[in-house]
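Okay, got some structures for you below.
Below are two complexes that have subunit A in common, paired first with subunit B and then with subunit C.
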Partner chain A sequence: MSTKVVIKQSTYFDSVSLMSLSTKANQIEGVEQAVIAMGTDMNKEVLKNVGLLTPELEAAKTSDLMIVVKAATDELCESALIAIEELFKKKGGSKSATEIKYSTIDSAAASIPEANLAVISVNGAFAAREARKALENDLHVMLFSDNVSIEEEIALKQFAHEKGLLMMGPDCGTAIIGNVALCFGNAVRKGNIGIVGASGTGSQEVSVRIHDFGGGITQLIGTGGRDLSEQVGGIMMLDGIKALEEDEATKVIVLISKPPAPSVQEKVLAQVKSCKKPVVVYFIGGEETAVLEAGGHFAKTSKEAAIKAVVLAGANEDELNKRALNWPLIEEVRAKLSPEQKYIRGLFCGGTLCDEAMYLAMDKYEDVYSNIQKKADYKLKNIHESKAHTFLDMGDDDFTNGKPHPMIDPSTRIARFLEEAKDPSVGVILMDFILGFGSHEDPVGVMLPAIIEAKAQAAKEGRHLEILGYVLGTDLDTPNFDEQVKKLMDAGVTIASSSTNAGLLAREFVAKGE
Partner chain B sequence: MYIQALSGDAGFLERLARANFSGTVHSIFERTINLKCSENGELYTIGNHQLDNAPNTLIINVKGFSELGLSVNAPVITKEDSSLVMGANIRIWTQQATKWEGELPSYPCDIEGVDILRRNVAFTKNYVDVYGKTGGMKMSSQPANPFEKEMSRMLIQRAGMLSDDLANKRIESATQHAISLIGLGPGLTPSGDDFLVGLCSVYKMQNISSCLSCPFFDEIVRSSQALTNEISAITLKKAAHGQVRESLNDLLSCMVSGSTEELVPVLDKIIGIGSSSGTDILLGILCGLERNLEAGGNVCLPKS
Partner chain C sequence: MSKINELFNGKIHAINVGIEFFKDDIIKQNANASHLDWKPPGGGKPELIKALDRLENAAVAEKIAAANKLAVERIINSQPMLVGFDQAINVVPGMTKTTILHAGPPITWDKMCGAMKGAVTGAIVFEGLAKDIEEAEQVAASGAITFSPCHEHNCVGSMAGVTSASMFMHVVKNKTYGNIAYTNLSEQMAKILRMGANDESVIARLNWMRDVLGPMLRDAMKIAGEIDLRLMLAQALHMGDECHNRNNAGTSLLIQALTPYILETDFTKEQKREVFEFVASSDYFSGPTWMAMCKCALDAAHGIENSTIVTTMARNGVEFGIRVSGMAGNTWFTGPAQKVIGPMFAGYKPEDSGLDIGDSAITETYGIGGFAMAAAPAIVALVGGTVEEAIGFSTTMKEITTAENPNVTIPLLDFSGVPTGIDIRQVIQTGILPIINTAIAHKDAGIGMIGAGITYPPMEAFEKALLAVTETISQ
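Showing the complex of A and B:
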């Protein structure tokens, strides 16, 4: 065994960052133990007790940060320390030497005249100003930052509209432009279907399903979550439809959003009506009639949206594997659950995935609670306490204020999962695992110990605990889709083939007396 | 750049009003900046709008600090109009800031009040059991490595010994066990320090039933200078003088007079502090309150 030490003098990181770095450092391949802690006497005493104290560490001061790595060989220690240093650099925002750094958007635009898009992720206080600068430099904008006022959003979108530019965001987390995923997105095939989405994970899901059904994407244009509000008026969605209508490569357009404000829906559907290309409309929980009257193709679920899009784009519907619900499996699970096990608990990283599963459950059950419920009576008053069927969007501000998103740091979801697993009234726990750019490097791996523990505990108590997992990703994504699915299956998790099927399976598993 | 201060510790604002503050930037985080004051050597904090009021702290109207372009050791001065200038061009206006003066609530002195407190302590214990974060005083069922396991073991053991000493009025031994917690634990503010912040906040409540003498607190303040980092030491020092952040005052007020429904959001806010810091503080508070409930009536104040 070899132990290596680095002391960072007078270095402070906040506790959340330190714990997150420490967790990641312990997951580095080959590392038996990694410690990142302040150099206090008491912490040195702990190191002594576990046989890791060295003279170098003894000399550390209370304001110093101690990094200790124990691994089988010197080489493994060295490479782990390099990996930890990289983690610190990422935390500190350092960039690799191969990247060119510009101080301002103006200088970047002047130096790269062929650039036509700026991705902006800065403090919300400065985001609108930077976005305006980019638009003034004739750059389309994807604005990842949130905390931009609605007045600023309207002004930016109107300005972009006048200049014929796209203003995606603020708070736009997903886009695929020119086959490059920006921020959170999946690796999908290039094709002839264009998407305009106001829902991040909803757009990811539809793009992934299109890929799964053999289709491909031209562009995925994000709008930001507030675009279809009364105030903003859907400026970006309308411009997005227009851009895709003018794009020769795009044959079919898909719109994804939560139901828009009525006046905005009217405007969007008017544009759908005048659009020369077929438009599939997936407004989660929305009504069919108005869409059909506008000549659009209504989709009730994300899977239906993808199927309709690929068929409209030229696929032969009869040849599609639509991945029908597995009814023998449903019967099998129903038989394993006791009469008391009648509730679904959905723990989601993706807001739209949560929404879709919730709406599908609401089609069948009354008592469906959530932190994102629109029905006031069924909105959870205490988000830490589940009631009846509960669907939690754990990426919502309720859970992420001051903490990383669960797609990056899964600890909050792990703790909640273990609690739900103890509840004897729970029949099925449904979870999403999101792969792709921007996500956790091993979303399944971090949940596995908890899944195994919960399954074992339930078995000890003579209960069957049904865990239903949905892995959102493609065969082109990193980490490897098949490996992620296999890990779950090996742990006894049932796999759903889509967000839609996940919601349907969950609700059918717990149905009684049918 | 001009930024408006929203609220601030009354003492800090008065110091700024007297133009009696100069120093340097000590450390920069996403939601806080610490300043080292040249006049008294203490650390002062500038916090973003998501943070609550706290001793030596000014809350300003920004979301984060990493993009402000400030660097450690940048000079900080006060202008005659009470504004605080950090680095080359960040100026904080303080004239409109609301003054905040934290005050710990009184420990209940009647049976009804003690019953409410007893009920809320039991509720909080269960709540921490279920929702408290592991990694510090609350041991994880799956520690990441032997270091974390040993750390939690030592924290729990030492806090237990301190608790026993307090229950049995062994003040000298309690002082030594309190000191043995300082600087022990992961995170920027070690878990042992956080536990002591919670404990001190209880024993500094007005009319506390089982009071501790000044040397106990003096020794914590003195030892913290050498045993923990400056950022944690100032928090501990203030707590030892009965000055804690607003959310802790709110929690203790709710513990002595609130319903369990009112307690839940306040507990959530505390548990959300840092990584495991909030949980560690809560465990310190619970330890202090339980020892006082066990002590029964008021054993400090002269009986009337």
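Showing the complex of A and C:
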């Protein structure tokens, strides 16, 4: 055992720093015992207690710094003393100035007077409370969280309505406010078309198509999927229409929703009727008459909604590239499919994209099954087993319970895709790939190996497997739209130019005997 | 223009709660976003969330806001003055020859931790109630001694807080509200009673404090009249103390103020020299003084109906207790005392340390100590090592406090006031606990101080308080 002593005369450190240094010194490898302390009587007493007090230390003055190290060998003592010297040297460059972190909406709102919006995505059990706090602080709210009760939704929306605030959501994935996409959204051009959407991917699709047709967006207000239910009564869609009507930059308004409750549709259309601006109404699977009676512009598909909006906003319809269906391609695919390859299997990340393709298929076929079918007979009893034409919204709670959304984690969809690809009755598998803010950084890339594998397997079995892909995104989006499309095409995937065309192509590919 | 249309035309500044990349995406689009450091309120416990909801009912919230405003005003406007020194038996309410006051919430002899037992037996010997420590243990267990929390006698006590009849006390009077607070004299830093040591040297020092130091300070203050402690505290913070663990500046200021009057007393030159040497032997001399100052201000804010402001945080080495203004009197809410994490004297290891102990958390309750770490960069070693971390502690405490005290400011934070008025609702809402910097006593009796560091109260105490307060207020 070896002990080394260093005494630095007239060297002052305060006791707390020295305690901290001592603690670190005792952690140096090989050190049996280390003491770094000023030469006070009390510290000498401590040294005596641990058997380290030498005459040299006894003689140290209050203003002297004592360093004592005990270790197994002289070498270990020496290296420890060097390490201790390092401890005294200042750890250079402290971190950059800390950004002030707030813990509550109240404190953040009080300290950031320019804050005007809260984006809330906490667990549903806590979400309504946070949304209420935001509204109390005069913040508009984008409530991404799901699992918020309908009673809470009504209370929040009524409160927001009284205060003249936006209350988007719950379960609202998409909004573009002041040209800033919130949560999931695409980079679309600024323009003169305002959107109020009760459907996330439906709103994304229409905004992207408007961009594609040369138009642009003022605001995209997401209301959350239940806004047009009987109970909620369309509070936010009605407020949204009013705000867009008052917005000088907005020339045309587009409304998007799954079919509303009849009483709510009546209220919404009454407001459409009194609205001074043209309103395009795209209620998926909805009927034309009521919309026309209200003086609205009816759209049967998302693409039609976008075309009508850009034309009403000033575009010359004759100059639009409407991306008509490619009939020679349809013939070509039909020729490749064997007679037993009769069915479409749609595997979707986007709920509204699924809905649109499904409704287009239902126009033509009876046996269209889905986990989100309204008709009870055609709602899948077992979502893990496809039947005839099957369209799956894999972002629905059935699939995401306890798992991330397929836009973020694609593993469930990959597994299901490989299953469907083995089925000899399948003619076409339709899949969406959603780009933009909030989405996976390479949605095509993660699916590609499975596509290549399935294609090869089908070829081995002497069967053509038609895979139809739709990439939802603009030329301004990340990841790059063209690169994503090219990767799919290189793997032999057919590309649809819109959600509408994806649905139409799929249903036509498998049409028999025409 | 409607609020929605203002939003359309303004620049987005979002507050993001939840998934962090939503904030990043907003910033990528050249808008502003601030991400909250959010935790589920009440740790996600439904009964606590329900309680918070009940307290947020507009009518209830208004009552609480008014009560808390009053409580915080009283803390801030209190002007505690040092007006004298005297023996506990002469001044402390309810003190008897066989009373021993202790730190923290109520505790019985059999449940006391090592340090407190050591201090109690030392005090019994010091008072002549037993001839030695062994006999003192029997006396303590016999029921002949009345044990009571300092806080229930207008007192505070450092560490074990053990206070007996003949010990000399600071007498601190609230010039604004008239209430009085008391605390013991500092034994300085060594093997000392308040840390649980009780050998002959400890008793000898206590005798000298009773016979020389105490009387000299008493006589000096008779001449001095009064000393404005709040003013002195503010100065000490500007000189780099946080007045719980670092008292270098405060001690200099205090002894500087006392010296002329000490010189005028009738004690001998040798005795005066002993006193000055004793004060110089450690920087802790003014430590208890600030505790009494804080106690004096906080007592003025205790017992305001509907207030959710914390007026006491104290620990007895076993339990941590808090008192809340709206729950008048001696209603304690407790949870287990925690470990103190920090550097230790050579030769000691974390397993040697006793649990958090002492009434000194009264300083944090007032807004100094751990709450004012940004004022004391010299002792950042306690909080992990960097000045930035020390600043972080002071700014974070604003999340759970109601006001900033304009009378006590921190230069490094642009002279903003110390975070003042801990609101139990905010503690439960944010999950942020008050930070306390404190000394570490050995777990066994008779040894004393072995380090210093950081600790927190148990959340349990605040949870219990919130539930009780909710029942009381929202009726």
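Keep in mind that, in the parts below, the second predicted complex is superposed on the first by the 414 of 514 C-alpha atoms of A that agree within 3 Å, B and C clash if a C-alpha of one lies under 4 Å from a C-alpha of the other, contacts with A are read in each partner's own complex, and residues count from 1 in each chain.
In this text, a contact is a pair of C-beta atoms (placed from the backbone, for glycine too) under 8 Å apart; a residue touches a chain by one contact, two chains touch by 3 or more.
From a predicted model like this one, the values you see are computed outputs, not experimental measurements.
Visitor: Pick one for A:Ala109: touches subunit B only (first), subunit C only (second), both, or neither.
Guide: The answer is second: A:Ala109 touches subunit C but not subunit B.
Visitor: With the two complexes superposed on chain A, say which partner A:Glu162 touches: subunit B (first), subunit C (second), both, or neither.
Guide: Neither partner.
Visitor: Now for A:Asp318: first (subunit B), second (subunit C), both, or neither, which partner does it touch?
Guide: Neither partner.
Visitor: If you stack the two complexes on chain A, which partner ends up touching A:Glu246: first (subunit B), second (subunit C), both, or neither?
Guide: Second partner only.
Visitor: Is A:Ala181 touching the first partner subunit B, the second partner subunit C, both, or neither of them?
Guide: It touches subunit C, and subunit B stays clear.
Visitor: Have a look and say if subunit B or subunit C is in touch with more residues of subunit A.
Guide: C
Visitor: If you stack the two complexes on chain A, which partner ends up touching A:Val122: first (subunit B), second (subunit C), both, or neither?
Guide: both
Visitor: Touch test for A:Gln33: subunit B only (first), subunit C only (second), both, or neither?
Guide: It touches subunit B and subunit C both.
Visitor: Regarding the shared-chain residue A:Val50, is it in contact with subunit B (first), subunit C (second), both, or neither?
Guide: Both partners, subunit B and subunit C.
Visitor: Would you check which partner chain A:His140 touches, where first means subunit B only, second means subunit C only, and both and neither mean what they say?
Guide: second
Visitor: From the superposed pair, tell me which subunit A residues show up as contacts to subunit B and also as contacts to subunit C.
Guide: 14, 16, 19-20, 22-23, 26, 33-35, 37, 42, 46-47, 49-50, 122-123, 125-126
Visitor: Taking the touch rule as given, give the residues of subunit C at its contact with subunit A in the complex, in rising order.
Guide: Interface residues on subunit C, with respect to subunit A: 2-19, 21-23, 25-26, 28-41, 44, 49, 52-53, 189-190, 245-246, 248, 342-347, 378-379, 381-382, 385-388, 391-392, 395-396, 398-399, 426, 429-432, 451-452.
Visitor: Tell me, which parts of subunit A touch subunit B in their complex?
Guide: Listed in rising order, the residues of subunit A that touch subunit B are 12-16, 18-20, 22-23, 26, 32-35, 37-38, 40-43, 45-47, 49-50, 52, 62-63, 68, 93, 122-126, 147, 382, 384, 401-403, 411, 415, 419, 449, 453.
Visitor: Which residues, counting only subunit B, touch subunit A once they are in their complex?
Guide: 27, 29-32, 50, 62-64, 66-67, 130-131, 133, 135, 141-142, 144-147, 150-151, 154, 180-190, 192, 226-231, 264, 268, 272, 274-277
Visitor: Looking at the complex, which residues from subunit A come into contact with subunit C?
Guide: 14, 16-17, 19-23, 26, 33-37, 42, 46-47, 49-50, 91, 94-95, 97-98, 100-105, 107-109, 112, 114-123, 125-126, 129-130, 134, 138-140, 142, 144-145, 163-166, 177-183, 218-219, 239, 243, 246-247, 249, 437-438
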